[in-house]
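Two complexes follow with chain A in common, the first pairing it with chain B and the second with chain C.
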Partner chain A sequence: MSGQQEPSNPRSTRTPGSLRTALSEMPLGIKLALTWMLFIIGAAIYTRLDRLLGQALPLQDPFYQPFLFGEAKPVEGPSSAHILGTDVLSRDNFSRLLHGSWVSLMVAATVVLFGVTIGGVLGAAVGYVRGRWEAIVMAILDVVIAFPALVLLLALVSIYKVRNLTMIALVFGILGIPTYVRIARASTLGVASREFVQAAEAIGTRRTAILFREIIPNILPALFAYALINAGFVIVIEGTLSYLGLSVQVPEPTWGNMINEGRRDIRQTVLPIFWPGLFLTLTVVSLNQLGDWMQQRVAVRSSAL
Partner chain B sequence: MLGKVIALRMVRLIATLFAVSLITFLMVEQLPGDPILAILPPEALDDLENIERIRKELRLDDSVVTRYFRWVGDALQGDLGKSYITDQPVSDAIKDRIPVTLELAFLATFLAALLAVPIGAFCAYREGSRVDRIMSGITTTALSIPGFVAGIFFIWLFTLKFNWLPSTGWNRISDKGLIANLKTAILPAASLALAPLAINARLIRADMIGTLKEDYVLSARAKGLRDRYILMRHALRPSSLTAVTVFALQFGGLIGGTVVIETIFALPGLGTRLISGIYQRDVMMIQGITLFIASVYVIVNAAADFLYLALDPRIRRR
Partner chain C sequence: MKKSWLKLIASLFAFALIAAACGGSDSGSDSDTASSTDKEEVIESGTEAEGDVDTEVEEVVEKGNYGGDFIVGLEAEATGLRPWEDACSSPCLTMVVAIHDLLVQIRTDGTIGPWLATSWEANDTFTEWTFQLEEGVTFHNGSAFTAQTLVDMFELQKVGASAAGIVTAAGLKEVVAVDDYTVMYVLGQAHSAFPSFLVQTPLGAVFDPDAANADFDGYSMNPIGTGPFMMDKRDLDNETIVVRNPNYWMSDADGNQLPYLDSVTFRPIPDEGTRLDSLLSGTTNAMQTLRQGTIRDARSSKADGADIILLEFQGNNVGGGMYNLNNPPLDDVRVRKGLTHMNNQEAVIEALGGTGISLPGSQWFSPDSPWYSEKVAAAWPQFDLAAGKALIEEYVNDPERSDGRAVGENIEVELSCPPDPTLIAAMQVVEQLWSSSGLIDVNMTNYDQQTHIGYALGAAPDWQGSHGAHCWRWSSDNDPSTELNRQMAPHTLDVAAAYGLDGIFTPTNFFNWFDIEVFGWLVAAIGTANFEERYALYEMVMMRIARDIPMWYSGHTATMLAIESDIEGINGWVLPDGTFGGQGWAVPQLNQAFWSN
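And now, the complex of A and B:
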């Protein structure tokens, strides 16, 4: 084994750039997108921590309704007490928005996790092995992809009365797998014919080892680029379900159900709808931007390979 | 060769439709417990005689396979069962509601195509200019605004702020005429059109940038033809092939996409019926409408493939 040369892998030909050079290469839009995503992810973690610690951290209680009984109070505009105003139940908008990011991100993260691990490995495996299994797997997946996603989700979630976050994330995660398989397989077809794979085969590396050490590392960038764009799509679908009251239930805040609740006072003010709408849109714009940018970089890299 | 391609695509279409029907059927079949508990509204469950009657009516004692094929057979003849909550046959509900959904999908596709072509063409012509960069920013944003957020925002802006249009409801063409109908259709169609519009504008732009670098465009320029003429006659024509296929694909997607938009604008379409069925837990209605929308979607997608085959001579030759 000592004299054996590892087949050259494109991963190692790139000099590992420092964080600073990576940052300086980024266009301004990408930096903004990254900042926004970090803010949202930070908000999700912070609010969870806040709950674990029994609301010890500096942030308003997202469930606190000062006027539990009596007639409904009008929503308030931004003030020093509520920097983004209050919602129809006089709860703090800003706090609810931050808490709401958790649901969106958890669903998106589950889809990406399932897609990249299960979908990625399955796609790479059938793309590398080819043959009958490939035909069977792809035929089955084509059918699932052929279903309009929102309608299938609506039917599933409503018929089975799925309302808690874990189950919703699970349903989204499983339904998201097929497209990842497709993309992993397509990228594998390109990678599998490259010299370093042939070299590994020539020296008798086991096929599973080739799959996990040569192929999968090289299709991951393409998968992640897709995952970013897909995450944005998933967040919109979850928001839609939430808006219809078919996702995580009130009073637990999600961006979608905040928009739904805000409709009551739309004649007076659009703000309780505007904020979650803005959060949703900014998050999706950011994910799309990051995904596009990564896709371009992947394309440049694979052409230089 | 073309015959073989079409035959293969037909086989795939039929296989997909079979799978769609199977999934829709099993969705209800796999409910835990007695299916009758899911099908009937809770208040009807005390009447044991009624339960037995409906059990016989649905022939729930037969095997799953028998019932599946009977269900598909009935569906093919236009019988999707009836709602046990409103007693309305599901196919009647679909017939009643589909015109609104179709009109919205058509109008949205039309809007998206109508606006995307000039935007895409102009940006390709002025590639890299300030207008191009601004438009690219706008389309990226438009692509990312969720349809239901856009819908609510449009209601707020055009009906509450400016009071130009009615916020919700629907005027049928047959009752009130085309103008009144368009007044209620334009906002929902615009909210639906936003994402496809952005996608189309980007596609047409990318496609035309490639076309504008072709030699024949250069020779047209050399001949002294006007820029606008070159854009429309020489550059847009080859790009329109992909565009038409994409429009057809989007149309299929929009039939599913109208579900939420119809609900927001309170339009009497298929989507609102699906959602009201969901709120009432009207399992037969959910199943029937899901099967219908999914089948239309699958068939329209296949039709888009055929359209592409028919339009592009290069593919036919292969």
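And now, the complex of A and C:
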């Protein structure tokens, strides 16, 4: 054991009160964004629970079309029975919006999960190891990036005749990996030359251990900051596909297909389009705000190293 | 052999595209013969009572003014302008008929009237049809139109992706030039309604065969017809401009040469709302639509004071879908009838945005059609959830049920529609009603239009689709034989052989339902020209469909042309014999259109 003291890893400089400090330092806009995201995440979880419990929770059935059975009418305005009105098939808008949040969040979460885990590790590995493997991996990823996601999605739907949340999320997730690899690799190139990495190498620490203990923890904040912004982007893309009828199969509600369905009556009322549009916008703006705020914090911390 | 396969495949896709995407490619017309000289009455007809949407024909009483451009908003860019090759729907047809003349036209009463063919007659067995042609007609490039033109066209038509199927369906074997202006169409079988095939552009639109042979693909960009307008500029997906043909052969009643307009501009505007807004803002002078929701919006705009005329048309074409009898449990009539009983047509029409616009369907003919039958309408299963559930229950509890599932287990049905938002809404209505029985697991799917068609079509060599309950459109305003005979023939060669019909096979029997009696009635119907006899035969066919239910209906397809109020001659154009033609399927006839000020 060497008597030399290893330079400190910046990850270890956190104080126990950093979360509370971060919350207190948050601007009002960021707090509102965080609140909205917590609401959406809560809504998504609540609607899943509702389905698991056979719609036992207090929320209207998002699929039930009352007009077929002589009850509510299509495209009704807000009322005590339907606080955000009804859609073209007289279904409750509020319930469908909450259920729609699950699809948006699941697609976004899958992309982030695939990106941060697979993309992050792969990017960090090639950025640290470098050499021939780096060239091969980056060349393959260039090809994947060039492949149009929409074409792949259409091909898979045509071949397998399946268009469910799993397939949509997997396609997005896999095609999202290369960007994370690039970011992770770029961050790793910077971190790998730091003193604490050189010190770990000097004392004979195994390269795998350096990768997972020293490098990856230090590129994670940058990856997470990007992931938040990327999640917003993915939600917009999913909404666009839904709007085009290429995302999950109806009658599963998504914000995009709600906008698409509301298009028919846009001259009569904009409400069926307005609500999902509002949810989509607020969610993307919130994710972007949180991502920007996190990026600023990462940048500040990096510059302080 | 290889060539015949290629021809077959080409025919299939042409048929499939026309059947599903167009629903009827002919320039059909209203069967109501009423005419009116009261312009106000015509204008008001756009807001008629529920379901009665056909606009009355306006008689042209004013002398046309020459000059001016006319801009039409189309629902899409044309797939191509080669009549024999490109599968055409309404936007494409609008351009094709501006450039090419048809041999014959459908009158407002559904009969066939003269155009480039001035008269015709058949032999006693309806196997030879002799047409007299208009003399002195020239193509846009100066070439003369003669009987030999039609002979040369036939060489392209019989292998054309769009025309070959119609050639086969008509049983057309040969086209013979008797003299310069007399042509004979020779059929391999009797067909008393053969001229109906010439209303369809793939077979009836006259093009310059030399120009087509000189540049097969390029023809689409520079088509040469005898029509009222000549190609001037073809900017794909932006605008196509056609200009007045100075040598057009037709004149108005006063001997003034047609057309009146200097030019026509076609602009593809795919979004329905934008297309209507373009008309309302004056960016375009007319627009077409096949969507009930847009018709509703146009009516609303007119009621709010928009200075437009709505030419609405609701013909035989009817939406709905088909049951694939190859796919259990849809092979059991109890299931098909049960599902049909549970289909609330009014609710589906509401989901399509067609309440007060579309009439519910019960057969291949609308109430205005001369072929419509009250008897069939009464026989068609009406919406009755309880009756439908009882039938499904009977199947579910049948130990001999065809789907191989255990007694008491739910049936599973795939329900598929193209991804149009209104169709998806309608599909969800049907799904909810079926699912509400608690006996049916509905698996909804949406594929793009091509995949949707291909799914029903299947693949060579069997051409057996693997679809279940599949959204589709049926019928047209042409003679019933043009649609029914090719869709009710044996669906496999084995089925044909089993009934002694060796070699007779159609890939467009998408339901895979064959009834030898129906086939016999359909063959008998093209062996006679007597309307009463034919009516009785088609009524029997429709009654059998109502009994065996290989398909279901939603509402008849409403179409509309919305035009500025000071353009005339679109509603009320006349054939050379002075009778009226219509503008079904939102395809305007522009050779007599003019600006009134």
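FYI, the second predicted complex is superposed on the first by the 273 of 305 C-alpha atoms of A that agree within 3 Å, B and C clash if a C-alpha of one lies under 4 Å from a C-alpha of the other, contacts with A are read in each partner's own complex, and residues count from 1 in each chain.
Criterion: a contact is a pair of C-beta atoms (placed from the backbone, for glycine too) under 8 Å apart; a residue touches a chain by one contact, two chains touch by 3 or more.
Computed from a prediction, not measured in an experiment: that's the story for all the values here.
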item	value
Broader residue contact with chain A after superposition on the shared chain, chain B or chain C	B
Chain B versus chain C as contact partner of A:Phe147, first or second or both or neither	first
Touched partner set for A:Gly42, first chain B, second chain C, both or neither	neither
Partner chain in contact with A:Pro27 - chain B first, chain C second, else both or neither	neither
First (chain B), second (chain C), both or neither touched by A:Arg264	second
First (chain B), second (chain C), both or neither touched by A:Leu246	both
First (chain B), second (chain C), both or neither touched by A:Pro217	neither
Doubly contacted residues of chain A, that is, touched by chain B and again by chain C	154, 158, 244, 246, 263, 266-267
Chain A to chain C touching residues, read off their complex	63-65, 67-68, 74, 88-89, 154, 157-158, 161, 163, 244-246, 249-251, 257, 260-261, 263-267
In the complex, chain A residues that touch chain B	139, 142-143, 146-152, 154-156, 158-160, 232, 236, 239-240, 243-244, 246, 259, 263, 266-267, 270, 273-274, 277, 280-281, 284-285, 288-289, 292
Of all residues in chain C, those that touch chain A in their complex	273, 293, 297, 300, 344, 347, 350-351, 353, 419, 421-422, 424-425, 427-429, 431-433, 436, 444-448, 451
Residues on chain B engaged by chain A in the complex (per definition of touch)	12, 15-16, 19-20, 23-24, 27-28, 31, 38, 140-141, 143-149, 152-153, 155-156, 160, 252-253, 255-257, 259-260, 263, 274-275, 278, 281, 283, 286-287, 290, 293-294, 297-298, 301
